[in-house]
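One chain, chain A, links the two complexes that follow: it is found with chain B in the first and with chain C in the second.
And then the complex of A and B:
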């Protein structure tokens, strides 16, 4: 039974939404998600996983935020297949690169047979346990559109999803990487003043999924994203997110290693000032042997910005030889900024090596002094130290070219501040 | 370097190994004392609270304080956030007060105490007579004395060395005595660190606590001997709710030891204690616990539910508190000894070994709340899980905006022995200023095969080898214990893991 306040919140939120028309499998998945939502209710501050982030902006019925301008163009001249999402509507032209099948959620809403039926809502449902993820369930039930990609071979050409700002879009992407296939997905920009985005990623045995996301640098962004991933044997996922500014961002990654020898790396670098509130919530489950997971999250905070990290490594019984690593660090550039962290380990297997570390502090005065004594102005010296601090997270980007682009973009952006 | 020292060290190692051999995986203190008891009626109500207050011959203000707590408690809900799982406790199916019939008239000196009670403590290795006490080292040097307050079920049986301590100005007595003899101190400090309605179990304790220890160390006094309390639960279906209050006045120092055991019974028993430490300017308290309540049998039957609230308030500048705990007993442990670092330059330290074997569940850790400037804290936690046990470290490090130049270092390591147990880490880190530095590290691993192989190749059997490796893993914490406890703790580490290998 939902408490009265949660019931009111849910009624109001759902009252302002219309479930898009769909039939068959998609309709059943939407209804099942709405059922989950009716049991969990929407998040509230007193919920354990919302103690550091006030979900009000995501919960309230009206978005209350105007669409924002979007200037990010980090992958501008990259040879890629580009998909545009404008105000919650997905569009693209031309043929997808060989080895990729791409369609949109809206276009298959009334199609009886589509591969996405096996994934849509399924990973979200599995990832909503043991911790409920009501905003993701809401997304599954009410998603307006989304990108559906199936990779059936190793594909070099990256796919770029470019967001043009909308008001309050709910987007649900589904990605399936079949056995031994691989692909790279790049996401750039902000879907909306208040955006709710879910990506369900299934990587089959031997497959690989590379993901880079750049959020920002708009100040008004309220973004709530979920990445649900399930990994088969010897498969790989590497996901990196760069976030700059934004009012409220909550990026959740829920990753389950279900096949032996799988590898999952999730990383994030965030830089924010003022009203910026950035929350990375990560839940990695090891449910197979000899898997490796890494969580690397770095935040630079200034002028009263708040950074949150909630990370968990769950090693299930029997997931022997697990190698789990997690680091969350923040650099507070002034006295008003705040870092809140809850790095958790939950381990039920004995032959594992799991570790986590978390540090918080100011910029290293000795390093700053050294640079200044070499004639580097304070501003530049600070930027250099910030970049070197964030470098460990950026290093998680495997592709040299892409890493350089992100790194250059960040350096330029810092210099303009 | 004298020859004696070497011999002591050798003796300890041999003893640890001996302990593993001689005990057959059973709880050493599981026997009970057959003694005539006087109980309050079963269950909990305002009348029971009044009865406890009356039995202790308390003034009106104390009764009101208890009743206020009771009224709050009735409205509270039992917390469920800890990673422990146990059948719902029927709070009406417990006795809240039990005292040996011979204690109706409080004995005036230890000579008048029922010999059966004295025998109980003797058997536990805690002789209640005024003699130097140092386990494992014979003969005891003259200057190592330990004063003991012995609490048996709901009452304090006796306190040793009171007269000698009084000469130094130190007050060491049961809290029931303190309420009568030193009401101004009790009134001022009781509940000032752990408010009546702090949490479910602390509130319950505030309503029904029956006895416990009280310590006051006056200004500038270094307590001439170590103080200790030994808690023994004996009666069946009886909860023990003791309350300890230690006040260290400006510039004073005390080292305090706490030990606990209970008989082996099929039905789980409740223990909900509160420990409040108050530290004024430049004061220092070392608080060491060896918790060895009955952990339940190898099938998870019985054992103590240990729901304890311990908190130190470093009110004074430059005050320092050190919590050291060795948690080997209890079926369920829920315990977070905390430090409120209010005074500038104050320091808090927490050293913990938590061992869970068979079906034991431990959810334990600490809170370091930095409020003053230049405050420092250090957390070293070693969790060991074996059998089907679950062991959780849960901690909070909080740097408030005004806690400039705060420092924290946290290290929590977990060791798993066997593939059916669990080890978990749930730290909360909250940093609200940028001159503070907070570092947290945690690792989880299994007993190192190379180390085991090395020990085995030197002729040790597997259990001995594991005990030795585990002792090494815990060394940092064992070293922080006073010598009296270090040896007992080392033995306990070995005993608690008995039967966990193979």
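And then the complex of A and C:
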């Protein structure tokens, strides 16, 4: 039984939503998700993983925020297959690169058979235990549209999802990388004033999924995202997110290493000022042997901004030779900004190497003076030090060209602040 | 070039007076050396001149070519032509040496209303100057001073000085940590910059550096004051007898 306040919240929120028309497998998945939601209720401040972030803006029925126009050219002129999401509607033209099958959730809503049926809602359901992810369940139940991608071969050409802001879109992507296939997904922009985005990613044995996301740069954005990933034997996921500004961002990554020798790297660099509240909540489960996981999260906070990191490494019984690493660091540019970190390790295997660390620091005054003494103005010197602080997270981007693009974009963005 | 009059400095955080009335004039074209016991205030003087936080000027003045240094931000002092080779060069992880140098050179040019150096010209110049200081390409690529040996850091300071072509160069114990060959390289780097329009203030403990960089005047600093000034022979005297005689004499 839900407590009264949660029941009211849920009724109000669901009362403002309509489940899009769908049949068969999708309808079942939606109903199952709504069932999960009716048990969990929507998040509230006293829930264990919402202590540092007020979920009110995500929970309330009315979105309240209209995203401002935001264009970033970070992946412009890149040879890529571009998908556009405008006001929650997915569209693209032309044929997908060889080795990729791409469709939209809306277009398969009444299709009897589709490869996405085994994944849609399934990874979210699995990832909603032991910690509930009500906003993700809500997404599964009410998603308006989404991008469905299946990679069946190693594909060089990246897929870019470009978001043009809508008001309150609920988007649900499904990515399936089959055995020994690989692909790169780049996301850029802001889906909405209040956006709820879920991506379910299944990487089969020997497969690889590379993911870079650039959120921002609009100030007003309220973004809630979930990435659920399940990794087969010797498969890889590498996901990096850059967040520049935004009012409220909660990025959750729920990753399970289910096959031996799998690798999962999640990283994030965030810079925000003022009302900026940025929350990375990461849950990595090792459920196989010799897997490697890395969490690298860096935040630069200014003028009273808040940064949150909640990161967990769970090593299940039998997951021997696990190599788990987690670091979260913040650079506070003034005394008003705060960083709240909750690193967790839970280990049920005896032969593992896991480490975690969390630090909060200010600009290195000695380094700042050294730069200024060489004629570098304070602003520029600070930017250089900020970039150097974030560099460790950006280094998690494997591809040199993409890393440079993100790094240049960040440098330009900083210079304009 | 550099004019310091009755400069009094205390620590900002503590009630501790460090410089107690420094008078010093370094005319263009001259090299002045400062020697003095540990803790006498030599580095403090160099920091105060370059604008480091943590010190409070309680009296006196310091000017570069007639311009009041003490009113300027550190970067403005640099653009005005002041350069300090640090006693302890700072490591900056994540900032490439080249990026740092180019940013500094162009920031100064911009501040002086000059055109920025093109990437090509800059590269050519750095490479040529690095070569004379035996700084290899790898060191230029690495983050600023990170993983550099003590001597490499000091050579990197001189490279920055050579690139920035300041009017007034302060070298704080640039010789310490240098092997004999590096000392020659660094001295050659400094001597190459010596000209009629430039002044040098060389802080050192050892006569050896002054064999290579011949000073016009040697000052002895003790307890926050210049207690004696003289010709190069003063450095020899310190080398042979230590400070006891000189300090005894002025006390």
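Simple rule for what comes next: the second predicted complex is superposed on the first by the 416 of 417 C-alpha atoms of A that agree within 3 Å, B and C clash if a C-alpha of one lies under 4 Å from a C-alpha of the other, contacts with A are read in each partner's own complex, and residues count from 1 in each chain.
Just so it is clear, contacts are C-beta pairs under 8 Å (C-beta built on N, C-alpha and C of every residue); 3 or more make two chains touch, one makes a residue touch a chain.
Not measured: the values here are computed from a predicted model.
Asker: Mind checking the superposed model to see whether chain B and chain C fit together on chain A or clash?
Answerer: fit
Asker: Now for A:350: first (chain B), second (chain C), both, or neither, which partner does it touch?
Answerer: A:350 sits against chain B, while chain C stays out of touch.
Asker: Touching A:373, do we find chain B (first), chain C (second), both, or neither?
Answerer: In the superposition, A:373 touches chain C alone.
Asker: May I ask you to decide whether A:384 touches chain B, chain C, both, or neither, giving the answer as first, second, both or neither?
Answerer: After superposing on A, A:384 lies in contact with chain C but is clear of chain B.
Asker: Of the two partners chain B and chain C, indicate the one touching more residues belonging to chain A.
Answerer: With both complexes superposed on chain A, more residues of chain A are touched by B.
Asker: Touch test for A:164: chain B only (first), chain C only (second), both, or neither?
Answerer: Neither chain B nor chain C is touched by A:164.
Asker: Could you give the angle made at the Cα centre of chain A by the lines to the Cα centres of chain B and chain C, to the nearest 10°?
Answerer: 80
Asker: Quick one: is A:392 in contact with chain B, with chain C, with both, or with neither? Answer first, second, both or neither.
Answerer: A:392 sits against chain C, while chain B stays out of touch.
Asker: Quick check on the superposed pair: does A:17 touch chain B, chain C, both, or neither? Answer first, second, both or neither.
Answerer: It touches nothing on chain B or chain C.
Asker: Check the residue A:365 against both partner chains and state whether it touches chain B (first), chain C (second), both, or neither.
Answerer: Second partner only, chain C.
Asker: For the combined overlay, can you note the least CA distance between chain B and chain C, rounded to whole Å?
Answerer: Value for chain B versus chain C, nearest C-alpha atoms: 13 Å.
Asker: Common interface residues of chain A with chain B and chain C?
Answerer: No residue sits in both footprints.
Asker: Spell out the residues on chain A that touch chain B in their complex, using ranges where they run on.
Answerer: Per the touch definition, chain A meets chain B at residues 48, 317-318, 320, 330, 332-362.
Asker: Quick one: in the complex, what on chain C touches chain A?
Answerer: Interface residues on chain C, with respect to chain A: 50-53, 73-75, 77-79, 83-84, 86, 89-95, 99-100, 103-105, 107-108, 111, 143, 160, 164.
Asker: Quick one: in the complex, what on chain B touches chain A?
Answerer: Residues 81, 83, 401, 414, 416-446.
Asker: Which of the residues in chain A come into contact with chain C in the complex?
Answerer: 364-367, 369-378, 380-381, 384-385, 387-389, 391-392
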